[in-house]
């Protein structure tokens, strides 16, 4: 992955947006700690795998909402200012990485 | 998902196995906290997405190694004692959930 | 999935673009027929699975290039004419379906 | 991917099993041809993407049922004859390829 094109989103996230995303990530952090406990307690493999797949799903949702906001702001602004191609190439690259 | 068939793996995990997996999960927990910080600092969407996809890949690896151990121990033992079908159905169900 | 918003891309595909994509799909069609033959010959499961995963990868690449063109033309044009939100919602919906 | 360990499944597929799988693959082949037609007709990108994701889902289902049969026969037989480890390594390798 090349260096990314920006330091910040073209439109800053609102306090609410930041809080909502941080809360979702805190929940995911708690789920990861929960799995550590399951491993320490030598819990049944399938129960651990179910939890891991739940975390993956939760992370995908966070990624989805960040991608949506990215397209609605950063990519749209780049298109409106005639610099869409670079922004779209960058987007496609990160989406490819995600689909692996 | 129905209730799982067991409380513990058919062969208990060794201390080393537990420690290795817990260490990997602690690293993932740190990565999730790192993303929280990035969101709080209103960092560029694509940089956050790259980190999320790295966590997804790391979680998949943990899931892969737990699945492998599960098949080598729990599923194999079930097959050897003539109860393979139930164990394989359970395995297929969790693998379907993973591939979503 | 709701009905889609358009009948055609905002910029028609060139003859060359159409031919390139059709050729890739013809190759995929041939691969699917190849798997039918493998099943009829009762070939080893793992060899069939490797071929199926190759087709999945090839289909993903076609999907990727259609998505890229869609964003560079249809979505960009929608954004430039002030109708970006609907186009982006539609894009996110199809991307969610893909990531399943 | 190394060369696979066998030429055929440990238990031959029945005529019915072969027919069911071939029929599903013929349907997939028809879907791929359908997409070629959509591209030739320059149809809307999102409609094509929806069809591609339907094919991916159908292929995954075929892969799932071949994997299930593979574990219930080939892998189980290998485990029962004391050669489980090689069979399980081969299985994990193809599953990793699939999850990409």
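Letters A, B, C and D name the chains as they come in the text, with residue numbers starting at 1 for each one.
Everything below uses one rule, namely that a residue touches a chain if its C-beta (ideal position, glycine included) is under 8 Å from a C-beta of that chain, and two chains touch if they have at least 3 such contacts.
These figures come from a predicted structure and were not determined experimentally.
**Student:** Hey, which chain ends up farthest from subunit D, C-alpha centres compared?
**Tutor:** It is A whose centre lies farthest from that of subunit D.
**Student:** With centres defined as the mean C-alpha position, give me the subunit B-subunit D separation in Å.
**Tutor:** The mean C-alpha positions of subunit B and subunit D differ by 23 Å.
**Student:** In whole angstrom, how far does the Cα centroid of subunit A sit from the Cα centroid of subunit D?
**Tutor:** Each chain reduced to its C-alpha mean, subunit A and subunit D end up 30 Å apart.
**Student:** List the centre-to-centre spacing of subunit A and subunit B in whole Å, with centres computed as mean CA coordinates.
**Tutor:** Computed value for the inter-centroid distance: 19 Å.
**Student:** For subunit D, which residues are shared contacts with two or more other chains?
**Tutor:** Expected reply: 60, 67, 91, 98, 100.
**Student:** Pull out all the chain pairs that touch, please.
**Tutor:** Going through each pair of chains, those in contact are A-B, A-C, B-D, C-D.
**Student:** For subunit C, which residues are in contact with subunit A within the complex?
**Tutor:** 60, 64, 67-68, 71-72, 75-76, 79-80, 84-85, 88, 91-92, 95-96, 98-99
**Student:** Considering only the defined contacts, which subunit B positions touch subunit A in the complex?
**Tutor:** 1, 4-9, 12-13, 18, 21-22, 25-26, 28-29, 32-33, 35-36, 39-40, 42-50, 52-53, 55-57, 59-60, 62-63, 66-67, 69-70, 74, 90-91, 94, 97-98, 100
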